[in-house]
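Following this line, the structures themselves.
Two complexes, one shared chain (subunit A), two partners (subunit B, subunit C).
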Partner chain A sequence: MAGKLSLVTTTTVSSDTAQVILTGVDSTNVYMLVVQGMYMDGTNQDIRIRFTASGSAVTSSDYDYRHYTLYNDASSGGTIINNTGNIDLSQGLGTSMNNAFNMVAYLHNFNDSSQYSYIIYENIHRNTSQGRMGSFHGGGILQTTGANDGVQILNIGGANISSGVFSLYKIEE
Partner chain B sequence: MSLKLISTTEVTQGNANKITINPVFSADYKVYCVQFQNTSADTQRENNSMDVRLVDSTGTEITANYDHRNLMFRGYTNAPFDLGGSNRDEIALIYHDKDDNHGNGNGTMWIYDPFGSNYTYHSFQETGSMAYPSSTKLGVHIRGGGVHKANTSITGISFTNRDSYDIETLTCRIYGLKQ
Partner chain C sequence: MATLDEFKSAARTEIEAKKTSNGGEGLYKTVNNVRMEFSDEDYEQAILDNATQNYEDQEYGYIDARRMDYPSIEDQLDEIFHNGVDSWKAIIQQVKDDNPKPSE
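And then the complex of A and B:
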């Protein structure tokens, strides 16, 4: 990966916004998504991700995901969710940079219209209400064929994203 | 390209218990990729490991206010177990062993906004070879993350082997990620 990573697009959020959409996946390469310093305008709001097709989020209940949830003050556990409308990436999040969400994720097969699209993620975050560190490690699938060109990041409970830098990279061959 | 190599540290036949890389984090980047490989200690023991800590802008190694949690797949049982917890004196643990016993640690840390004066976060993965119990060799995989809970500007990182054993080998490359 070193030295062969190309920035496709980046979005910096500095005021409340309902969602972030990053597009630009246009090859069969693996892409890397990095989120840094994201927090919300309300406590206990999970951050979720969907994949986009032609720039619009795919909202059908065709997402499966599995991950381990790690907390500093509780036992770790596995989560398996099938046939849902998005991938839940976190516990309820925080509302300041000291309670922010950060993530590296890899996007596979997005531009292959004959295959499902896949994401592998590892994140680290902290919530405001409990001061609890969380780290989710896992992956998800959109089980419909068709090309996907990016991701949508949002909260489905009505909270806004107040801050964060969202970057999409292409891993060059 | 978006990843820029900032620092390379290579230790061979080392004779120090602690390796400190500082200064390396700055206002130039907010996301860093720390890749470590071929870590080993000069003395064999079960559960041999290195503490990873952060270094503040005065050059002082920080030994408090870390929360971290990792899943440790040690190969001794099928189920992973939880490593770390609250208010630790290290932000991560790298397991390895003596080089002559094929002990070896390799992995990647992503570190978020260390230089800013907010909490510093990281996610972590390691695969290596360690010993447990006694000198019985085992593969190990660890993954998780952590946070330094203080409004401190961080400029460096340190690796300290347990039991005052020397670090025999270590290669560490640190990259800045353009956002």
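And then the complex of A and C:
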């Protein structure tokens, strides 16, 4: 059937986990990643993303990303990062009610081994320590050719994701 | 100032203690809704990630910290308009002093 979303996989986190990995990208379609109601187990911990290949995160310093950050109480501005090992998706995050992280992202060219893989993301979140609302809008590229089959969502400082729903959809043509 | 190797050493001590095989609570990943403890490879990557983040925070954290503390461009222009450049410079200098570069 044309023009629909097909759920590839979904993960509901209810016990502390350091990483969420969603895989199942196996076609050249665009895929949509939805993160709903994510909280961390400690204050001021940011969240990052990597792409996976054969189920394992690609950790090489080949990610480039650009995004615009919007805050309610601090200077907004653009961020340009090249040759790094992951893509930073947020400021420090929240741990409790009304301080969730919510995001929609699109994954392009993941299953094309001859092209780089791309992600376009937009999210809205609040942190607990300052009650600061933040929103990141941008995208990133893994600048190595090769097929990717999913994403890894994590905090690299050692904090855990304490809750949230993470879903990967295939956009049917 | 700590070196990256020093941060790696500290991260190794901290993360090794978390392994269930060492009596810790473990670090876990959830893969397609299945929760499992880190593999040895995952633990090694976590050590590298933790050390890299701490090192980059030390070296470059002031950039984000200053960005968060600077008034908006509109407020800065308003400050210059109403109180002059010297008043504006004092506000900017305070942000820099509060968030110094590692070399300062």
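The criterion applied here is as follows: the second predicted complex is superposed on the first by the 169 of 173 C-alpha atoms of A that agree within 3 Å, B and C clash if a C-alpha of one lies under 4 Å from a C-alpha of the other, contacts with A are read in each partner's own complex, and residues count from 1 in each chain.
As a convention for this text, a residue touches a chain if its C-beta (ideal position, glycine included) is under 8 Å from a C-beta of that chain, and two chains touch if they have at least 3 such contacts.
Everything numeric in this text was worked out from a predicted model, so none of it was measured.
Enquirer: With the two structures overlaid on subunit A, would subunit B and subunit C clash, or do they fit side by side?
Expert: They fit side by side.
Enquirer: A:S75 in the overlay: touching subunit B, subunit C, both, or neither? Say first, second, both or neither.
Expert: A:S75 contacts both subunit B and subunit C.
Enquirer: Which partner chains sit in contact with A:V13 here, subunit B, subunit C, both or neither? Use first/second/both/neither.
Expert: second
Enquirer: Taking the superposition as given, does A:L5 touch the first partner, subunit B, the second, subunit C, both, or neither?
Expert: Only subunit B is touched by A:L5; subunit C is not.
Enquirer: Between the C-alpha centres of subunit B and subunit C, what angle is found at the C-alpha centre of subunit A, to the nearest 10 degrees?
Expert: Value: 110 degrees, nearest 10.
Enquirer: For the three-chain arrangement built by superposition, which of subunit B and subunit C touches the greater number of subunit A residues?
Expert: Residues of subunit A touched, subunit B against subunit C: more for B.
Enquirer: Compute the least Cα distance separating subunit B from subunit C in the superposition and give it as a whole number of Å.
Expert: Least C-alpha distance: 10 Å.
Enquirer: Which subunit A residues come up in both lists, the one for subunit B and the one for subunit C?
Expert: Common to the two interfaces on subunit A: residues 10, 71, 75-76.
Enquirer: For the complex, give me every residue of subunit C touching subunit A.
Expert: Touching subunit A: residues 14-15, 27-33, 35, 38, 42, 45-46, 48-50, 52-54, 67-73 of subunit C.
Enquirer: Considering only the defined contacts, which subunit A positions touch subunit C in the complex?
Expert: 9-13, 15-24, 55, 57, 59, 71, 74-77, 85, 154, 156-158, 160
Enquirer: With touch defined as at the start, can you tell me which subunit B residues reach subunit A in the complex?
Expert: Touching subunit A from subunit B are residues 1-3, 5, 30-31, 35, 67-71, 80, 82, 84-86, 110, 112-113, 116, 118-119, 121-123, 125, 143-147, 149, 151, 173, 175, 177-179.
Enquirer: In the complex formed with subunit B, which residues of subunit A make contact?
Expert: On the subunit A side, the touching residues are 1-7, 10, 34, 36-37, 68, 70-73, 75-76, 97-100, 102-104, 122-126, 131, 133, 135, 137, 165, 167, 169.
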